Structure formats: C-alpha cells, structure tokens
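In what follows, chain A forms one complex with chain B and a second complex with chain C.
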Partner chain A sequence: MNRTQEDALIASVLNWIREHKLPGNHHGAEITEDIDLITDGLLDSMGLVDLLLFVEEQTGRPIDLKTVEPKDICVVKNLCRIALGNEISQSAA
Partner chain B sequence: MNMANPVVQTYSLLAEKYDDELNLRSCWGRAAEKILGSLVIEGDDQVVLDVGCGTGRALSQLASRSQPNIQFVGIEPAENMRKCALRRIASCPNISILGGCFEEMPIASQSVDYLFSIFAFHWVTNLRTAVQEIRRVLKPHGRVDLFFIGRNNGQEFIRKTSPIFLKYMGPARFLESARMRSQLTREEALRLFSGTFDPLQVSVTESYETYYDSLEGHWGWWVRIEGQFVSMPAETREACDHEVCTALSDLSAEKGIPYTIHCLHLRLTLEADPQTG
Partner chain C sequence: MRNTVGGFLKSSERFASRSALVVDGETLTYGDLRRKAGRLASLLLRTEAPNSPLVAILAYRSVTAYAGILGILAAGKGYVPLTPKFPAERTRRMMILSGCNQVIVGNECIPHLSELLEGFQQPLTVILPEIADATDLRRDFPIHRYLLSKDVQESKGSVFETTVSTQAIAYLLFTSGTTGEPKGVAVTHSNVRAYIDYMCSRCDLNEADRFSQHSDLSFDLSVHDIFLAWERGACLYCLPERAVLLPAKFIRDNALTAWFSVPSVISVLTKMKLLEPDTFPSLRYSFFCGEPLPTSYAQLWQNAGTHSIVENLYGPTEATIAISHYRWDRNHSPGECLNDICPIGWTFAGQRSSIANQEFNILPRNQAGELFLAGSQVTGGYWNDPGKTGAKFVRLGSSDDTVWYRTGDLVKQDWSGCMYYLGRIDDQVKIRGYRAELQEIEAILRKACGTDQVVSVAWPVRDGSADGVVAFVSGQKALDEGKALKYCRTYLPGYMVPQRIYTLEALPLNLNGKVDRGGLVRLLEGART
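After this line comes the complex of A and B, so read on.
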C-alpha cells in the first residue's frame, strides 16, 4: 500500500467535500476521513456521483460499484483505499 | 429520455393513479397548479407546446381559457399517460397528443410560438440535445417557460431517506437512480441554455417553497419517484418503504411534515432576426 499516495488522495477528497457539501447540513462539525458522508448528511446521491467522478479522475481508474458495500464508498478513507486498489483492513471498515 | 427509461416505464404503469385526489392535493399538485395559473398565452400565438404533458391536465385547462383557433400540442414519452391525456382531450379538436420527449420532438422546425413544461425537464437524460431540440422547434420569435426542480430540492427528505435507500439498493443502484435525474443549480441551467441561445434572451429564477402535509399526503406523490426502485425486489421494497415511512414521520412538526421544493424557472424570449423575419 502506498501511504503517501493514499494520504494525498484523502486530503484532496476532504477538500472537495468541504467545497461541495450540502448547504445547512453537518452543523459545522469537523469533516474527517472517518465520517459517513450519507448518514451524516454531507452529500446526497447526486453529490456522491460527483465525488466518485472526482476520485476516478484523480486516480485514473474506475471504481467497480458492483463489488463494494455502502461503507466502502461513503467513508472517505475506505473510498480512497478502494479507488487506489488497496485493501480495506477490518479496523478501517 | 427514451421510452425504455425506467422513469418513463414507471409513469406509464402508474398513469391511472396520476390524477388521484391525493396526488393533486400534494405539494407537487399544488405547485403545478400555481405554475399553471401563471402561464400566459398571447393573442398571436398559433401553436402552443407542452413537453412532458402527462395526462394533459395543463393543456386542457390552458385550451379552455384560450381562443379556439390556437393549436395545443402535448408531448409525452409514457404511453399510458398519453392514453389518459387522449381521453381527457377527446372533445377538444384543437389539442393533440404525441409520443416523444425533450430530446426528440415529433414537431416541425420553427413551428412553435410558445413552449412550456411543468416539472419534467429534470428527467432529461441528454441536456444538450434537449436544448438544441427546443431551439429547433421554436419560431424565430418563440417563447419558453420551463419549470423544473433544482439541485437542492427536497433536502429534508433526502437527509432522512438516503441512508435507507443506500442500504436497500446498494451503491450501484443507489447511484444509478441519482443519474436518472438532471437537477441543476440556477447557474448550471443558465450556462446550459446560454450555450445555445443568446444569453440576453435567457433568464433563470429560483424559488424555495416549503409545503407541509401528512405522511399519507406525501406518500401520495411518492409515485413520481418510483422509477428509481423498479429493480428492487418486492419484499425488499416493502421493508424499505417501512423504514422510509418511519424516517419521514420523524420530521413531523406542528404544521405537518415539511418538503421544500427548489424550483427553477427558465424563461426564453427570442427575438426574430430583422433580416429573416
């Protein structure tokens, strides 16, 4: 696993979320790599579509949605690992 | 949007329920009625086109308050909705109903004086083609009023229901359902139409209006988004519906359960080129 690459992607994704999060949601709490973007109301389904496009552009590889669980794409650190083709550890899931 | 689109199929399946009292009294029914009351047919209009005309409700009301020499045309992709519309307009010789959609209108070029649409444009799957098609059918001095839902529509419901839909539908179907809609921001809508029309002739206004209703009242319009769940097995659907009902009940306040419609109103007023008339 390339940690530097993963950390850089997480930072880019968190910045993207800060710019594109839904208005009026999340009540100003800190946006971290562990937050669930849907359950915590940061993004809706259309926002998630846009985020996946952004991540795929960053990595240059498509994410196979048929093989992932909700938590794999809604939690930033999981999403970034999947996007880079890295394994999600039990503790991360 | 083609006829095989799940949204079109769902509207077709539910066509007979579309004009139920519950649906007409819902937030969408009330919002559509308000928009209908604001539409203006001008004295020299010859052809008026409603795209996504549904069961023909708006067309028949407009025709009843207009001169009988004006031709009203409705375009609707869902076959059973067209059947309902044809029944409604059976005694109106100046109204016709055709199969088609925003991206493919069976209408002669430069033949429409006034094109309007109420809560249909957000179902368009190819936005650029749709805008070019609108351009094609309009007369050089044509006018357009499109009312459609914007990017921030129904956020109260979305916050409550998205985790549930994601759980039951799984990521692939959940995101596929999001791709069925084109919910634009005001700025995106302005950019889209300004790419094909003179930006000076395009205006987009937006409004946010909160409607309160009972759970039963809101459920009455749920038919409009059922297209997203066509591929969900019946037993899963039942469990999903149950959780959604519970989640929406949590929103209940003194006035009822709120739902805020983010409506974009795109208006185009073309001016004929003095050299071509």
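After this line comes the complex of A and C, so read on.
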C-alpha cells in the first residue's frame, strides 16, 4: 500500500469534511482520521453518500459497498484504506 | 383489552427456543427474552410510584432496549422511548412532560443519562440492568434511586399482565410541536391491537420470517417491526447504527424477509449503486412509510426485491403507524402515480377517512382537501394537552359525533377511493421521514439569534423529501452563526438543526405581506446553480 497516497487521500477527505459537512458547533481541529463520522454525529446518511462519492472521485475507482462492512467506512482512515485497497487489488488483477 | 405484548407471550409459549431478537451481536430466543422482560416487569411493579402509568426507556439498539420495552408493557405500563441522539435538554423536557418517575437505561446510554440527570429535580428510580456499580451516579446525583444488574437478577417472579384497561397507554411518542415544545401522542393498546390485527389479516407473515428493525424506537415504524414480528413468532433483526445508513449488506447477510423503512433509504442505496436487479432475493414484504414514495423508488426497490410485495403505507403518529396502504404493481402502478409520487391508497378496513375543506365540510370525490381520519387506530389526543387536542381532534360539519383527527395533509381521492398525497396545508415538513414543525425550529432560532425575524425552509428537497433545514435571519447583522447553531443543537434533534443560517438585509415578503418562503427556496436554488 502506498503510504503517501493514503496520507494525501486522508488529508483531502478531512479537508472536505471541514469545508462541507462540519456542523456549526464543531471545531475543525476536532476532526481526525480516527473519529467515527456516524456515531460522533458528523455525518448523516446523505452526508456519508456525498463523502463516498467524493472519495470515489478522488481515487477514480468505485468502492465495492456490496462487500464492505458499513462500520469500516465510517472512520476516515479505514475508508481511505479501503478506497485505495480496491484500486490496488483491481489494477493488480 | 388484550395487552400489546399478548402476541409475544403466545409466541414465547409456542416457540420458546426459536430466535426472537438479533441485536448488538447477540441472539436471544423467545425464552431468553421472556425471562429478561419478566424480571424487569416484576422489578418495575415492586418499585413503582402510585399513579404512574408510564415508564421511560433510554436505550439504543441493545438488548436492554427490547427487554425494557417488553418489561414495561408486561408490567401493564406504557413506554416512553428516549433516544441518546436527541439533545439532553429535549430529553429532559420529554421526561418532565411524560411524568415518568421510573426509567430503564441501557449501558450504551450512561453518558447521556448523566447529562439527563444534571439539573433533574424530581427523584427518579433508575434501572440499570447491565450495570453492577453505580458509585459515580450515586455520588453525583444522590436524590435518585438506582437499581442495578443484581437487583434485576434477584427480582422474583416473572410478571406478564395479559390484559389492560381499554384506555391504557402502550407508548407515548413525542413529535415536533408548533410552540417550540415537543408534544406527546398517547397511543393505547387498543390502537396498537387494531393495527397489528389488520396487518396480520392481510399479510402472510409467520415464524420463519426475519424482520428488519431499522427505525429508532422514538419513531413509530419501530412498533410495526417489533410487535408484528413477535405476534407471528418471527425474528427481529435490529440494524447496527452504521448499517442503518447503507443497509444493503445487512439485508443480504441476514436474508431478511420483511423490510420497513422510510423511502429515503432507497435514495441513499440508489446513489451508491446498491439497488441492482435481484439484490434482495430473500425479501417477501417491503413496506415504506413516513414520506412520499417516488414512482422511480418503488420501481427500483421492486426490481431489487423481485419476489417482494412492495407497499406504500401512510399514516401520522396520531393514527398509529399507518392507516392506508397501496400495493405496488409493476405493470399498472406507474400509470396510477400522480406527480411521479406513489398513491397512499385505500384506508385500512374498519378505519375511516374523509377529505374536507377548512370549514370542516366534506368535499366530493376528486376534489383536493385536508385529510381527516377516524376509527379504532386514531388516538384520543395529546398527552395532558387539551388545547392542542381540541385544535386537532374535531367534528366534521355534516357527520355524526365522530371525532376526526385533522392530519394537515392535502389529499385527493379518485372515484375508486384511492388517495393521493399532494403536500401539506401548513408548515410541517418531513426531514428524511422525521416530522418537524418549522414553527418549532423558528421558536428556537428566535432565541438563538436574538431576533424575531427568522424563517426556516426545508432544504434541499430531493425526490419529494427534505434532507434538512436552512434558516434565514434579518435584523441581526453581527450574528455568530456557529454560536447560534450550537444553541439550536442544545434544544433540537439533529435533523431539525439548520444546516446554515444566512443573514439577509430583509426577509422577502409575498403579496399578502407574509414571508415568501418560496422566494427563499428560489434564492437557495439560484445559489446552487
């Protein structure tokens, strides 16, 4: 796995959340790659959809949601890993 | 009157070793669940305060949530579902309004309980079935009595009240109120039985079925899932919080046979390309309720659940879950939709509907008007609020003494009796299926923004359903939006908190001098393009 690629994706996802989906009472500094976006109330269902579409746009590859556990895509770090993992495994195939 | 838990009790006798509930990684048989509920019921009755017909339950997608509801009903009490997803201030208000002095709390809600007890002056009995030590709670909130796991385990006997009085309350649900305070809808066992009996009579559900439990307990779609499943001896599958957002994998992994949710779920799954043909081969029944069902969504779901009967249900909380239905037919239904929205169909057999004008005169067929409802599913009014009850539960001009609930929904009925939802006649909106009064949001906004010149609109609206709310204020140039939103979050559930608060020089007015909400929506549309 390309660590630089993963870090860059995490950074752009965190920026996207801060710019587009941050509720009024959250400070940008509170958002980290380990936070659970759903249980911590940062995103609702449509917000998560928008985020997934953003990540797919960034990687140029769809995330296979038929096999991924929803809990794994609610944490930015895991989401980015899955998004890039899909890309690596598919191109390797 | 037969208690709502009567169906569960019978099923627990017939199918003691069959699975009744899958939740939070655990599977409980009917026997397991009955034992847990019976102990809780016995403890509730031993520790009850006089004249207290209701018990609150603060638990979220856990064993305690379901055992607690069953235990409360088994004790002959009604349950008041509280959710950790609401701000503590709102939950505290619900507790006070309901008059509950007993509350069952799940382990997952302990942090929320501390917030709730902060400033709560009335002594409560707090039952914590999974907690062995409450030293911290006793130290911080000493006026309350705490009963722990040991007390539940040692609770003697297994009470199950099989009959209740005709007017006994099964549950009290709070909905958005126009005055800035939530209002309680008291639903009786008699109301619930009418719904369950009717659904059982027309749906071939049995002990082999696997029901979804998608909605929060504070939303009455959950009552359908829980009590219809247990009435038939079926198993209830509670979706984990994260699976609620994208439930496709959960449906497939657990081979669910009966699904019930708001139509917004279809929107999310469609956007993520998860609704391909035959995605859900196990589904036999799919029910949608809570907001308009677009034609395209019904078609997509029908294709995904090829073997499923798809039904659009309609009904306000005041009429107990749903009171009319429309069964989707892949050949004929697209031609029967109006404005690309699925009809709300026909009133349940035994229930009544009328369409009337603002003077309460019944209108002829094919003429649009407000929908009024009556029958055994229609509740008696709002909890301890004769004023609001009198305004919404009325008599119609030319009818007998029947009390009708005025829904506020604009509806048309064709010559066959099929009804079509056309919109609202007031400022109530549905946000992803949740009912919200714009007036309640504005009452909080006025305090949050320090001005009376506030207005809120549902936005964005996709496929007939709102995703959220946006607010506008004027007369407050130096508004701190973040601070105002933080205030809103203290009092309003997340779905009612505005996504943004925009400051305008002046609010636009229409020809009647009222705030032009349509103009504000056009402003938002313009900004998007």
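The working rule: the second predicted complex is superposed on the first by the 78 of 93 C-alpha atoms of A that agree within 3 Å, B and C clash if a C-alpha of one lies under 4 Å from a C-alpha of the other, contacts with A are read in each partner's own complex, and residues count from 1 in each chain.
One rule holds for everything that comes next: a residue touches a chain if its C-beta (ideal position, glycine included) is under 8 Å from a C-beta of that chain, and two chains touch if they have at least 3 such contacts.
Values in this document were obtained by computation on a predicted structure and should not be read as measured data.
**Q** Quick one: on chain A, after the overlay, do chain B and chain C clash, or do they fit? Just give me the call.
**A** Once both complexes are aligned on chain A, chain B and chain C clash.
**Q** Name the contact category of A:Asn15: first (chain B only), second (chain C only), both, or neither.
**A** In the superposition, A:Asn15 touches no partner, neither chain B nor chain C.
**Q** So, does A:Met46 touch the first partner chain B, the second partner chain C, both, or neither?
**A** A:Met46 sits against chain B and chain C alike.
**Q** Touching A:Gln5, do we find chain B (first), chain C (second), both, or neither?
**A** It touches nothing on chain B or chain C.
**Q** Which partner chains sit in contact with A:Thr32 here, chain B, chain C, both or neither? Use first/second/both/neither.
**A** Neither chain B nor chain C is touched by A:Thr32.
**Q** Considering only the touch criterion stated at the top, classify A:Val68 as touching first (chain B), second (chain C), both, or neither.
**A** Touch status of A:Val68: both partners.
**Q** Would you please give the residues of chain A that touch chain B in one complex and also touch chain C in the other complex?
**A** 23-25, 38-39, 41, 44-46, 48-49, 52, 65-66, 68-70, 74.
**Q** Using the touch definition up top, name the residues of chain A that touch chain C in the complex.
**A** 23-25, 38-39, 41, 44-46, 48-49, 52-53, 62, 65-71, 74
**Q** Across the complex, what residues on chain B touch chain A?
**A** 151-152, 155, 158-159, 162-163, 165-167, 170-172, 174-175, 177-179, 181, 183
**Q** Report the residues of chain A in contact with chain B in the complex, numbered from low to high.
**A** 22-25, 36, 38-39, 41, 44-46, 48-49, 52, 65-66, 68-70, 72-74
**Q** Could you pull out which chain C residues touch chain A in their complex?
**A** Chain C residues touching chain A: 85, 240-246, 248-250, 252, 264-265, 267-268, 271-274, 432, 467, 481-482, 484-486, 488-489, 494-495, 497, 501.
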